[in-house]
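Both complexes below contain chain A, partnered by chain B and then by chain C.
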Partner chain A sequence: MSEIALLDRRWITRGVQRASAGRFALWLAPWFVLLFLGAYAAGLCFFYGLNQTNMDNRFAFGLWIFADLSIIAMGAGAFFTGFLVYILKQQDLKPVLNSAVVVGFICYSGAVAVLMVDVGQPLRAWFTFWYPNTHSMLTEVTFCISCYLLVLILEYIPLLLKNRQLRKIPAFLVFEHQFHKLVPGLAGVGAFLSFFHQGSLGGLYGVLRGRPFAYRQGLAIWPSTFFLFILSALAVGPSFLMLVVATAEKVTGKQLVQNSVYRKLGFISGVLLALYVAAKAIDTYIWLNITSPAVGFGPRDFYSYWPLSSLFLFIATVPLGLLPAILMIVPVTARKRGCLLCGAVLASGGVLLNRFVMTVQTLALPTLSFDSFLKYTPSWQEVATFGGVIAYGVIVYSLSYRYLPLFAARKGADPNASQD
Partner chain B sequence: MSARYGMVIDLDRCTGCGACMVACAAENNVPPAHSRATARTGITPMLVRRLSNGTPGADAREAFIPITCMQCGHETPCVSVCPQQAVEVDKATGIVLQMPQRCLGCRYCMTACPYHARYFNWWDPQWPPGMEQTLNPGVSVRMRGVVEKCNLCHARYHAATEKAAGAGETQIDPLDYVPACVEACPTVAILFGDLADPSDPVSIAADSPDCFRLLAQIGTDPKIHYKTTQDWIRALADRNSLRSHSPEAQHV
Partner chain C sequence: MLPRTDGFHWTATHLIFLSLFFAALLIIVSTLLSGIWRTVADFRKHRANSVCWRETFQELPENERHCRHELAGRVASRLCDNAFDCRTCRNYAHFAILPATWRNGVGVPYSDRLLYHRGHTWVHPELDGTFSVGLDEFANRLIGRPDSVQLPEVCAELESQGIAWSMSRNGHHIRVRAPLTGTVIATGGPDQDFYLKVLPHGKPNLRHLLNGPEVPGWLASEIERLQRQIAAPGAPHCLPDGGTLMPNLMDAEPQADWDNVLASTFLDM
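Moving on, here comes the complex of A and B:
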């Protein structure tokens, strides 16, 4: 066995089987290529400016904001699973909790990284904390994403310190043991922060009075999109978590969690998705019949432009909304893992489509009556940066899976002797 | 008493010559367009757009509509969304001001603006050698990565207030504060003044039944009024009159 393989072996949790160092390196290699390509593209944007993108004065938000909103929604499994386990005491979901924390950390840190490339003056990011405009949804987004990322880092640290080699350092062991007591509290804080963050991302568009396609009335200071984004993120978070775990199972060829965990996640996701579809239908009805006509806009103004027609609304509501909800709730289909995962894929697709519509379609539609429908295609730098974040996620998750007890067994069991 | 500076732009007088655009760029130190800039990435705080009735042959009609920041007075979309208070409405003048020095470059304000009157500096500002001598010393040059917009030549307002203060006056002489586009228009198509003053010619003109405001129905109280006696222009530009789905508008 080579030196590197021996070194690698010493960092892997005792008693678990992992692929050889060579195979693992082979798995990581293409992702690292993608990561470096993304870093290069981001570097071009930092060095030469955002003229490297295909965004413009009319399409001021592009692929990155869509990616940001989507990634954050997908990462909702982190705070929601923590909330379910620590606050609602759903202990049977504990086997996926660590995985949920890693997914959340990846999603939030990835989104922050993309945002830093996306702004014209990233060195002025601290201005938002120094001169906050309390009326701006983006201020709420910035505060919540920063604070929750900090919480996720704090939640990730105990998991990191469970590594076989790091546990040998007494100070780390004591720190991890003591710190672990704070985790339920952190889960509560995280739930609060992420709840508001998900909502404020929806509010970001819902408050745009000048964009009747996105503008919504609401409750108190929040437009209805605030609540719809929270509900859709709650619905898709468990679905995406299921998909991540199922992908890990597929790649590693091991069963990492019991089927019952999948069914529970699927049921929660399905019920919330059904609620979301109902709420979205009511919201759409009010928007099309009251909110928009009041400012001189009607369905024709929004759905006359191919391909962003009413077909999108139907697809997001029925095949990517109601259908996955049924697949994940009805016992006959929910018992079959294939149906469950199919539901999770469709649900994730539905939320992605919703974020696409809110970010891209809002800007493509004309507001001035003599204006025309706009088109935008992201540049390779935008796509590569996005790809870099995906690669970053795969690499962090893969490393976490290999060197950390990601799927620790049930309460009382020794994580070192876990089934994975 | 606070002023509410605004304009009445007579579309029947506008010939689309673009003098207002040139004057605006020169007054406000807008750099020459980058070689890769397009109609959608250039900086044109005053932008003349072409309107067409879309009819072929002898019935074809064209007009021009200068688009600039509408200086929204109520629930100003760009002000409320800026996360770090880089945009504000000046209470003394009603002018919507942008602070490029504080701008993060997030472009949320551009997304919020229904008039597409905000511009991002996609490139470093550069002038050909020697041309930097023409820069207006009263206006800061904006750096790459920040948003800018029309501020009704606020530097001229500053100069007018300084002049008034020097003379011991509390009010500026209206003749001392005229934006560059207004001054440059050869057909006097742009009328500028204080909409809060009922005796101001701009207030009187704005009350004309021939006047309308773009997207007035969304409730942001834009202070740029347009005037036309031609029904087809009114029908095309004023959403309250008619909603058109096959509009024709191009940049000059």
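Moving on, here comes the complex of A and C:
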């Protein structure tokens, strides 16, 4: 065994088999290329300014905000799984808890990184904390995301300290042991913070009175989109977690969690998705028949621009909403891994489409008589930065899988299974 | 954000929003500080070693956590749930009175006069009240002569299950666990017949150390484990039909996963 291979082996959890160091490096190489390209593009945006993007004063939200909204919704699996395991004591979901924390950490840190590029002046990011506009949903989002990222970092640290070499340092091992006892409290805070910022991300569209496509009525200060975003994030979080674990299983060629865990995640996701579709249908009905006509807009004003036609509404509701809910709830289909994962893919696609519609279609539609339908295509810098975040996620997850006990070994299982 | 800052207003919105934010932040920071505080307290109250060992023990695979009574043939199967600390085991007395089975020809010599620790050290009570500690024959034959040994200083305090000394062999770092608690009064090494001489604090309770029929049972299971671990990948499991453990196995089988073998042998991670 070469020196590098031996060194690498020492950092891998004892008793598990991982791919050779060379094979792992080969897997990471293209992702690092994408990461460096993304870092270069972000560097251009920092150095030259936001003129590197195709956004402007009118089209101020683009690919990056779509990415933020999407990956934050996908990352909801972290707080929701933590809530289910620590608060509701659903111990059968414990095998995916570590993975959920890593996914959440990647999603939120990635989202914050993109936001830093998007605001254009990251050195002034502290302004939002020191001079908060408490009437803005974005302030609440910023505060909650920042705090929740801290929570995720703190939840990730004990996992990091479980690394085979790090845990040989007694102080780290004792801290990991003690901190693990405190994590349920953090899970509670995380659920509170997530609940509000997931909602406020939707709420910030719902309060846009000047954008009839997004504007909604609601409860007290919260428009209906506040609750719909929470519900959709809760629904898609477990689905996305399932997809990540299934992808890891496919790549590594190992069964990492039991089928019952998939079934449970799928059922939770399906039920919440069904609730979301029902709530969304009622919301759409009220919006198209009451809220929107009251300000002089009808369905034709929203859905007569190709390709953002009413087909989008149908696709988001039925094939990407109702269908996955059925696939994941009905026992006949939920028993089949393929159907379950198909449901998870469709559910995730539905939430992605919803976030795209709320971000891009809202801004593209004309709101004044002299306005025209706007078109927006992201610049390569925007795409590369987005790609960089994806690469960052894959790299962090891959490293975590290799060097941390991401999935608890099944009792009595032979650790010397096939190599991934 | 704070009073006297530009933009701050004494309004209900400001106060509720910022109070919630600060409350969440306070919980996060206090959780972190509490974790650090508890860690420091564990070190101050000498609980850290026990915590480290119990954490390590929990991560040991099932086949490395067999109860001594199973090894002695007193029960068919039993996993230890008390971190190999028979001194505080509530079931010890219940199982200890059951008849044991002696195993012969385990493939590695052992002595009836020695007490054995599961991390492959032995303990010998001396007439002067001290205890000699050394590496057992299984470990000696496995690693051969270590390339280097880092022994504790004389007067250093040892804690049972803590790290007593460390060695290196063929680039592998080996940490050997202390079989008992006490003060180091002399150090030996691979060239002497002991590694440490330890003066315990008061009359030591050594019930956690193996003796009698437990020793051959344990060594036999260790040899079985070793055979599984050094077998070529994909090779079928073979039943041993006698023979003895050859000396200097690390040099004889350099391709084996020694990182894993040594961790299992010395109860490390």
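Following the convention adopted for this analysis, the second predicted complex is superposed on the first by the 408 of 420 C-alpha atoms of A that agree within 3 Å, B and C clash if a C-alpha of one lies under 4 Å from a C-alpha of the other, contacts with A are read in each partner's own complex, and residues count from 1 in each chain.
As a convention for this text, contacts are C-beta pairs under 8 Å (C-beta built on N, C-alpha and C of every residue); 3 or more make two chains touch, one makes a residue touch a chain.
Remember, predicted model here, so these are calculated numbers, not experimental data.
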item	value
Superposition on chain A - do chain B and chain C clash or fit	fit
Which of chain B and chain C A:304 touches, first, second, both or neither	first
Which of chain B and chain C A:116 touches, first, second, both or neither	neither
First, second, both or neither for A:160, with chain B first and chain C second	neither
Inter-chain angle, chain B to chain C through the CA centre of chain A, in degrees rounded to a multiple of 10	140
Touched partner set for A:132, first chain B, second chain C, both or neither	both
Which superposed partner A:371 touches (first chain B, second chain C, both, neither)	first
Touching partner for A:193 - first (chain B), second (chain C), both, neither	second
Which superposed partner A:396 touches (first chain B, second chain C, both, neither)	neither
After superposition on chain A, the shortest CA separation from chain B to chain C (Å)	7
Common ground on chain A, meaning residues reached by chain C in one complex and by chain B in the other	130-133, 135, 139
For the chain A and chain B complex, residues of the former touching the latter	49-51, 55-61, 118-121, 124-125, 127-128, 130-133, 135-139, 141-142, 204, 207-212, 294-296, 298, 300-301, 304, 362-363, 366-372
Parts of chain C lying in touch with chain A, wherever the complex brings them together	1, 5-7, 11, 13-14, 17-18, 21, 24-25, 27-28, 31-32, 34-36, 38-39, 42-43, 48-49, 51-52, 55-56, 59, 61-62, 171, 175, 233, 255, 257, 259-260, 263-264, 268-269
Touching residues on chain B, where the partner in the complex is chain A	34, 36, 38, 40-42, 49, 51, 65, 75, 77, 80-86, 102-108, 110-116, 118-124, 143-147, 214-215, 217-220, 236-240, 242-245, 247-249
Chain C-facing residues of chain A, complex	1, 3, 6, 9-10, 14-15, 129-135, 139-140, 143-144, 147, 150-151, 154, 164, 167-168, 170-171, 173-179, 181-182, 185-186, 189, 192-193, 409, 411-412, 415-416
